[in-house]
Amino acid sequence: MTGRAASDRGARVSADAVREAGASLASEAARFAQLGWMRGTSGNLSLVVGRDPLRLVVTASGLDKGELTRDDAVLVDGDGVLVEEHPLGYAASAEAGLHARIAAVTGAGAVVHVHAMAAVEAGQHLPGGVELRDLEMLKGIGHSAHDETVTIPVVPNSQDMRVLGDAFERAYRAAPQDIAEVPALIVAAHGLYAWGRDLIQARHHTEIVEWLLRYTVRTR
Amino acid sequence: MTGRAASDRGARVSADAVREAGASLASEAARFAQLGWMRGTSGNLSLVVGRDPLRLVVTASGLDKGELTRDDAVLVDGDGVLVEEHPLGYAASAEAGLHARIAAVTGAGAVVHVHAMAAVEAGQHLPGGVELRDLEMLKGIGHSAHDETVTIPVVPNSQDMRVLGDAFERAYRAAPQDIAEVPALIVAAHGLYAWGRDLIQARHHTEIVEWLLRYTVRTR
Amino acid sequence: MTGRAASDRGARVSADAVREAGASLASEAARFAQLGWMRGTSGNLSLVVGRDPLRLVVTASGLDKGELTRDDAVLVDGDGVLVEEHPLGYAASAEAGLHARIAAVTGAGAVVHVHAMAAVEAGQHLPGGVELRDLEMLKGIGHSAHDETVTIPVVPNSQDMRVLGDAFERAYRAAPQDIAEVPALIVAAHGLYAWGRDLIQARHHTEIVEWLLRYTVRTR
Amino acid sequence: MTGRAASDRGARVSADAVREAGASLASEAARFAQLGWMRGTSGNLSLVVGRDPLRLVVTASGLDKGELTRDDAVLVDGDGVLVEEHPLGYAASAEAGLHARIAAVTGAGAVVHVHAMAAVEAGQHLPGGVELRDLEMLKGIGHSAHDETVTIPVVPNSQDMRVLGDAFERAYRAAPQDIAEVPALIVAAHGLYAWGRDLIQARHHTEIVEWLLRYTVRTR
C-alpha cells in the first residue's frame, strides 16, 4: 500500500463528522448573526477536520447565517474545493479557499469570516494596516498590553482566492517573528478574518479584534 | 365562460392562504422589529399571492410590528386596495399601493418596507441617489464587488402612492439595463423599500442595503 | 351620603387591579430595559386606573426595571403621593408627581419616562425645543409628514415635581391649538416623557419620538 | 486556641458557598456579555464572601463570560491569590488583586470589571478624570443631579495589581470626603471598574456610569 493511499484513507471524513462540525458551525454562526456581523447571507465559518491532507467543514454558500442547521455545511479540501457532493447539493463558497489557506499557513483549527462594519471602516481609513498599541485588549489575541505594536494587516479585496491567499500569506509572514502571531486579517471593502486553535478561540479573537478596530475607528 | 371570469376565478385567494401568508409576515416583521427598523407601528411587509390579477397579503396598518399574529394581514389588489373586508376590520396601509406597484413592475414576490435610520440619513445626505462601488456586499444584491457603480435611488416622500409609484418606476427604469436590477429604493425623509423573489431574499436585500447605507453614512 | 364620599368610593382601586396594572407595567418596563433606555434603576411607567379622583399605578422606585413583577408597582393620587401603604413597603418615585400631572393635563391613560440617550443629547444641543418637520415618522405621533413644524418641548430639570409640572404644562399649552397635541416632553439633562391613551400607544409614541430625536442628533 | 486560628476558621468558605456565589456571578456575567461589555474573555466579576480575613469569589480567568456555569469561579484572598486549588484547576485572573483591593478599601460587597467601550474612550479623551455635573443619572450613583461635580478617576493601566491598587486608592481617597463615594474607576486603555454593596447595586452603578461616560463621549 502506497503512502498516497494511506494519505487518502487518512483524509476520509465521515458524514457524521461533517454533520457534527456543521452543528457547531450553525450554533456559532447564529451567535455572530445576532451581533449583526453576518447580514444577508454574508460571512462563513470553518472547522478543520483533517490535516493530512487538509480537510475543512465550511458553512454552505447562500444561506441565512442565523438559521443554519447541522446539514448546512460542506466538506472541502486544501483548495476550498468540495471533496464530495453534498446530499442537498450545496456549493462551497469561493471563500472556502481562503479559509483553507489560512488553516494551512497558520495551523488554525477554526476560521471565522464576518462582515463586521468596524473592520471595513478601519480598512477604508487605514489601508496600509491597522497599528494597535498599549491597549489591554491586545492580551486577548496573545500580545502585550504595553510597549508592543501589533499590526492587523489590510489586503485588497479580490474574487480570486489565490490572489487573496497570497496577499494574506505575505502579510502574515511579514509580521515580526519574535512575537506571537496576529490571528486576524482585514480584507478591504469586504470584511474580517480571524482564527484560533478551535472555534471558541476563533470567536474570542474575532470579538477582540472587532473591539480593537471599533475603538480605533472611534478614536482616530 | 369568458376570460374575464377565468381571471377573476384565478384571483380568488382563500382565507387560509391569507392567514398562512400572514403568519410568515408576522414572523418576519418580529425579526425586523427586533433590529429596531419598525419602531412604533412603522413599516409594512407584503407577499404576492396571485399574479393574474395581482394580489398581495400586506401587514395591517396601525399595529405593533413586533407582535403581529397570522390574523394581522389583509389581502389587497394591484392598487393596494382591500379585496374584501378583513374579519377584524383592519385597513390596508396606504403604502400597500407602493408595495403592489413594486411587485407589478419588478416581478418581486415579497416587498419589505422599514424605517431604518441609515436609509433616511443617506437620503438626507445624498438626495440625488446613493452611489455604491467596489464593496463586497454589493454581491449580496446581485452586483459586482468591483468596477461597477450601483445607485440606490432616492425619491421624495409623498402621501399619494401614485406619485410615489411613478417616481419609483422612473428611477427603476432609468437604471442601466445591462446590469442586474437594484432591488431597493429610498423614500427621502421616510424609509427604505427592498424586495426579492421571496420573503427570505427580500430580507437579505434589506439587510445588505442597510449595511451598505450605514457604511456610506459612516465613511462619507 | 355626600358627593365627596361618593367620589372617594369611586376612587377605591382594588389590590387586584393594582397588581393587574403592575403586571402590564412590568412587562412593558422589561421591553424598554431591553432597549437600553432604563439603565440602572432609571425611569418609570404609569397607568391611569381612576379619573375621579385621579389614580395611577406607577412602577416602584429603586428597582431594576428589567426584572419587575406584578407586585412592584404602587397606587398614587393626583399629586403622585401613595394612596395606601404597599404590602412590601415600596415608595413611589418623586417622579410619580409628574406622571400624575401629565395624566391630568393631557387626559393620557399611560405615561412612559425613560432615560433614552438621544433625548438627553437633543435637549443638550437644542435647549429651546426640538423642531421637527417633513418626516414621515411624525405621522406616528399624530402629525403631518409635510409642511407642519412640530416642537418637542425641552424643560429644565428639577427635583421639585411642581416646578417640573408647571414647566410641562406651560410648554404643553403653548403649542398651537389647531393641530394635534405633541405627546412628549424632554426634561433636559434627564430624559424623556411620552404618553398615550393606553400603554401600547404610549410605547409607540416613545419609540417614534426617540427615533425622531436620534435622527435629529445624527443629522444636525 | 489563638485569635489567629479563630480568624482562619472564620475565613473558611465552603465549596457550596463558592458554587452559590459562582452561580450568581455566571448569571450576571451573561447579562454583561449580552450588552457587549465582556467581549472575548474580557472582564471579571467578584462577590465578597468573607471579611475577616477578606475572601472573594471571582470569575475564573480565560473563559467566555457569556457561558459561565456555577463551577467557573474561584475563591481568593485579600491579595487576589487562590485560597485553595479549584477542582477544575482554574486560575484566578491577575485582576482579582484589584477586585480585592477595591473591596478592602471601599467595603463593597461586589465588584464589576468590564471592557465597556465608552469607558476606554472617555479615559483616552480625559486622562485626568471625567468630570460630571448636573445630570439626573448622577443620582443613580448616590450623588446630586444639581450643583455638584463628580469625578470618575482615570488611572494608567498596569499589569502590576499593587501599582493599580495604589493608584486606585490614591484617587479614591482624594475625592471630597463630604460627599458620597464615587463607586467607579476607569483604567485607561483598559476598562471600567464599578462596585456596590451587592451584585445588583454593582450592576446598577456599572450601567449608570457607562451611560454617563457614553453621554460624555457623545457630547464633548
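Per-chain numbering from 1; labels A, B, C and D assigned in written order.
Note that in this section contacts are C-beta pairs under 8 Å (C-beta built on N, C-alpha and C of every residue); 3 or more make two chains touch, one makes a residue touch a chain.
Every value quoted in this text rests on a predicted model; they were computed, and no experiment measured them.
Note on connectivity: the fewest chain-to-chain touch steps from subunit A to subunit D number 1.
Seen from the Cα centre of subunit B, the chain whose own Cα centre is farthest off is D.
For the touching copies subunit A and subunit B, the fraction of interface residue numbers used by both falls below half; the interface is of the different-residue type.
Once the centre of each chain is set as its mean CA position, subunit B and subunit D turn out to be 48 Å apart.
The distance from the centre of subunit B to the centre of subunit C, with each centre set as the mean of the Cα atoms, comes to 34 Å.
In subunit B, no position touches at least two other chains. Pairs of chains that satisfy the touch definition comprise A-B, A-D, B-C, C-D. Across the interface of their complex, subunit C is touched by residues 134-137, 140, 145-146, 200, 203-205, 207-208, 210-211, 214-215, 218-219 of subunit D. Contact residues on subunit C toward subunit D in their complex (touch as defined above): 39-42, 64, 115, 117, 120-121, 124-125, 157, 159, 187, 189-191.
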